[in-house]
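You will see two complexes here that share subunit A, one where it goes with subunit B and one where it goes with subunit C.
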Partner chain A sequence: MLQHYGPQVINLLAAVLLLLAFAMLAQRRILSLINLFAAQGLVLFLATALVAALTGQTHLYWSAGVTLLLKVLLLPWILHRLIRRLNVKWDVETLLNIPTTMLVGIVLVILAFNVAAPISELAGTVTRSTLGIALACVLLSFLMMITRSKAVPQVVGFLSMENGLFFAATAAVYGMPMVVELGVALDVLVAALILGVFVFQIRERFDSVDTRHLENLKER
Partner chain B sequence: MALEMLLLLAFPLAGGALLALLGHRQYAAEINTAFSILTFGAAASLVARVIAEGSVTALEEQFFVDSLNVFLVALTAFVAMTSSLFSRPYMRIERMHGRVSDAGMRLYHSMYQLFSFTMLLVLTTNNLGIMWVAMEAATLTTVLLIALYRTHASLEAAWKYFILCGVGIAQALFGTILVYFAAERILGAGGVSLLWTHLDAVKGELEPTVMAIAFVFLLVGYGTKVGLVPLHNWLPDAHAEGPTPISAVLSGLLLNVALYALIRFKVITDGALDRPFASALLMGFGLLSVAVAAFFLSRQRDIKRMFAYSSIEHMGLITFAFGMGGPVASFAGLLHMTVHSLTKSAIFFAVGHASQKSGTQLMENIRGLVQVSPTIGWGLMLGTAAILGMPPFGVFASEFLILTTAIAQQPWAAPVLLISLGVSFAAIFGKVQGMVFGEMSSSMSGSSGSMSGSPSAARLAHRPAMVPAFTHLALVLLLGLYVPPYLADWYRRAAQLIG
Partner chain C sequence: MSASGLAAQFTELVLAVLLAPLLTGWVNQCRAWLQNRSAPGLLQPYRVLAKLFRKEVVLAHNASPLFRTAPYLIFGCLALAAAIVPTLGTDLPLNAAADAIALVGLLALTRFFTALAGMDVGTAFGSMGARREMMVGFLAEPALLMVLFTASLISQSTSLSTIVETIAHRELVIYPSLAFAGVAFTMVSLAENGRIPVDNPATHLELTMIHEAMLLEYSGRHLAMIEWAASLKLFVYSCVGIALFFPFGVPPGGDALGIVLALPVLAAKLAVGGVALALIELVSAKMRIFRAPEFMGSAFLLAVLAMLVHALLES
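Right, the complex of A and B next:
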């Protein structure tokens, strides 16, 4: 039963992940953006746990556990607190309009699938067809960081990019060695905390967290 | 072996923790220096062991030292030590000028040690995954340091640094995952597949397609940290807006460390592919960096920004040398890594005190340094002469080797290199000459106030620490005249490895 439907469910979850990446790209409200990020973490947790059950790789259960703790509970909590303390519920302003962003996103997905195709063919994992989706998620988060002008959405973009990378590792090689995954998780947590501090410093100095204020340093 | 390795990593880690707990005590700067000296001691004993026993792995193969990283470990520990000696008076003066708060000083000292730790970890780890983790940690420890002064410009520089390097390094993680993917098919799942020594042993069997794609991602990722054009945008801002000791270690050490990571991957990629794919990419990016940086140099008005562009130029030159490959070019690249690191940090020491004396980083307002302070003035002049490749400094030797190899192997690139070096020479020399020997402007004698323009009146609250700068320059001079046999031996063996 599990062996039969498992791979298909993983493909379904991968598709949901991609859908969520697009939803984040299109989302204007910051609170919804954080909730979407948490949802992405949840899907990632389910996919990882399912791969672990399918393949019997015990260290993947641990990775799934870390994902649940870090990306579904801790990071969204930190972000929500950040938003509350900044006391802003503004709409996210984008530098490109949403339809254009979506079109660029579609091009990126096609690109990602093309890059991943030769690698997927070589992979022997049950999840190999999802590598393209993982790379697409990374590139879409990248796009989100570029097109948003506020600091917090850029942070969310950074964190969701790490989600995509984590999924890539699961899809291609059933996850990196445990010590590396823990190290990456630690880096992400520290990055989120530092960025939290940083956003406050920016606001204290500029009375705004719009990174368009941060455009004075350039070659003249 | 294991003991030296552990000490090398334990000292800066313990120092970071202790300094975070101690806070902004008067003697925090001394403790910072003490830990840096201890780290250098550990590095020296490690080097002694390597000289005696050759390359070794330690702690279940998780760490290893060979001829490629042993001199970088020594160099990193050394420059971190001298920079901490320089930072002691420098940061005290900054503190007195009210540019840094007490909390800022605590952050500064603690992060300084942790930054050394992450760089040494990148250099000594055998695990390519840990290498990525440490590299990202190096970014994180320096982000808040760049924003230390909390000015508009420094916050902007730090944000840019974080976003660009964060995005870049994410690409490197994807590349690392792909390398693991290629390795797993041969070495099996588990920890061994990411160990560089194991990968090096089976590099001929790795899947070429995957390794080629992986190398592109790694080049973009780590190349961002090296400051290769067009991924260099963070570098001039971060160097100009952060505290000067941090500019010195960023330019002198971090860029080297990132390039080291790239070279490790180049060795494996070259082994897997039968065509010079990685070499061509490195040559292209290197040459572009040299040319673009050289032409940006003349447009700079901020002194630290100008030398940041000079760092981009030199990293480009080194990358180009490794791209050309061959025993001579790789030897020259390794030598250039060493001398550039020493010279550039010496220059930043001089620049730091020079801008403290004149109260500005704008080059047009810095005048007559030789009159204000002969040691700072001559330090800057000699450092500039060294970095521009004047004989008999070491930079001349390495640049000469790179250029002659380029003329022999890649004649098409030689004119670009020569023109770029010429342009940067004109730009930097002209500006530095004005700053060192130019007539003192009224603003500078004005700042000396009631002392009626007496040059020594722009006195600093602490004696400037120029000893580290002159030590560095003496070493660069020495390396220009004589390379110690074991160092030459390391270079040669590492050059063989790089190919």
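Right, the complex of A and C next:
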């Protein structure tokens, strides 16, 4: 039962991951953006746990646990606290309008699927077909970082890019070694904290967290 | 074509036409309960129809024959669309004649005639409503086609019966592409039926109304036909949704026992669908009209993604 439907459920979860990446790309509200990020973490946790159950790789259970703890609970909590303290509930401002962003997103998905196709031919894992989706998630998060002008959505984009990378590692080679995974997890946590401080600094300097103000730093 | 197939076809058509107002009544009732209002009776749409059929028809002086025939054309198209969608059995004689693309064509024809009738008398509201309806329609239609194509790619056929048989009666396979297509289809059917994020069927506020603006000049039995057709449209969309995404329980052939057994399953699915629709309408806010293209654009992109995901994961 598990061996038969497991890979199909993983494919479904991968598709949901891509759906959430697109939802984040189209999202205008910052609170919903963070909730979507938490949902993405939850889907990633389920997918990793399922791969672990299918392949019997015990270290994947650990990384699934780290995902649950870090990306579903801790990081969204930090982000929620951040925007509560910044007192920002504004709509997310985009540099490109959202329909155009979505169109660019579709192009990126096609690109990712094509680039990943030869690589997934070489992989011997049960999850190899989802590699294209993982790559697409990375590119879509990257697109989100580029097209948002405020700092907090950029941070969320960075964190969700890490989600995509993590999924790509699981899909291609059943996850990275534990040391690397813990290192990356710690990196992301520290990055979120540092970026949080950074956001405060930007606001104190410019009374706004619009990163376009950073371009004005040169002396006049 | 068999006698039992004909019987299934006939039962399905009659049931769709008779039960469509009941579904509308059920959705209205759920919505009222969720909004903490006292609900209108389940049979209220039938009472409204009976009242309208008794009333006199008032026509504008410059109304053309098109204005008078449009309600019957719209009703006929939607009744035919309801007959194509396999809900009680897959052995339907009409299925050889009309596939998923014909279904989209029929729905486009109803939209075309509604818009023409809206512009016919020449009132400002009618033309405005027609323009808005076409704006929503031209974006909703390709999205709907893409959703149907995704299901067709899975079953290798555009015939709705084959799609239902592939998904319901072969070995159970999880199709991730149908998850995307399902979201896209929900968005399209909300827009096409004038439900809340895009249009509000209960409003007559000139700034926001889309569908109602075209019907302002209608009265009496013409209005009754159009209201009935609107219920039928909701019914058709619900049945297409059931056929594409939850076809389990539709009997493979078309024998009498199968039809009798499929009826309560269909009723249960429609009831659940009605609650889901009421919930969606409850939690979402009406969009500005210029957000509607963005909404439909997202639906189209999701449908395209569904096809891409099908190509990646299921081929």
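What we mean here is this: the second predicted complex is superposed on the first by the 216 of 220 C-alpha atoms of A that agree within 3 Å, B and C clash if a C-alpha of one lies under 4 Å from a C-alpha of the other, contacts with A are read in each partner's own complex, and residues count from 1 in each chain.
To be clear about the criterion, a residue touches a chain if its C-beta (ideal position, glycine included) is under 8 Å from a C-beta of that chain, and two chains touch if they have at least 3 such contacts.
None of the values given here were measured: they were computed from a predicted structure.
On the superposed subunit A, the two partners subunit B and subunit C both fit, without a clash. Ranking subunit B and subunit C by residues of subunit A touched puts B first. With both structures placed on the common chain, the touch criterion links A:209 to neither subunit B nor subunit C.
Of the two partner chains placed by superposition, only subunit B is touched by A:174; subunit C is not.
For the combined arrangement built by superposing the two complexes, subunit A sits at the apex of an angle of 150 degrees to subunit B and subunit C, based on C-alpha centres and given in steps of 10.
After overlaying the two complexes on the shared chain, residue contacts for A:132 are found with subunit C alone; subunit B is out of touch. Of the two partner chains, neither subunit B nor subunit C is touched by A:68.
Residue contacts after overlaying the shared chain place A:98 against subunit C, while subunit B stays out of touching range.
Of the two partner chains, subunit B is the only one touched by A:115; subunit C is not.
Once both complexes are placed on a shared chain A, the shortest Cα to Cα gap between subunit B and subunit C comes to 19 Å. Within the complex, the subunit A residues that touch subunit B are 57, 115, 118-119, 122-124, 135, 138, 142, 145, 151, 154, 158, 161-162, 165, 168-169, 172-174, 176-177, 179-180, 183-184, 186-187, 190-191, 194-195, 197-198, 201-202, 204-206, 211, 213-217, 219-220. Touching subunit A in their complex are the following residues of subunit C: 173-174, 176-177, 179-180, 183, 293-294, 297-298, 301-302, 304-305, 308-309, 311-314. By the touch rule above, subunit B contacts subunit A in their complex via residues 127, 129-130, 132-133, 136-137, 140, 143-144, 147, 150-153, 155-160, 162-163, 166-167, 170, 173-174, 176-178, 180-181, 184-185, 189-191, 193-194, 207, 209-210, 213, 237, 240-241, 296, 299. Of all residues in subunit A, only 5, 8-9, 11-12, 14-16, 18-19, 22, 26, 98-99, 102-103, 105-106, 109-110, 113, 129-130, 132-133 touch subunit C in the complex they form.
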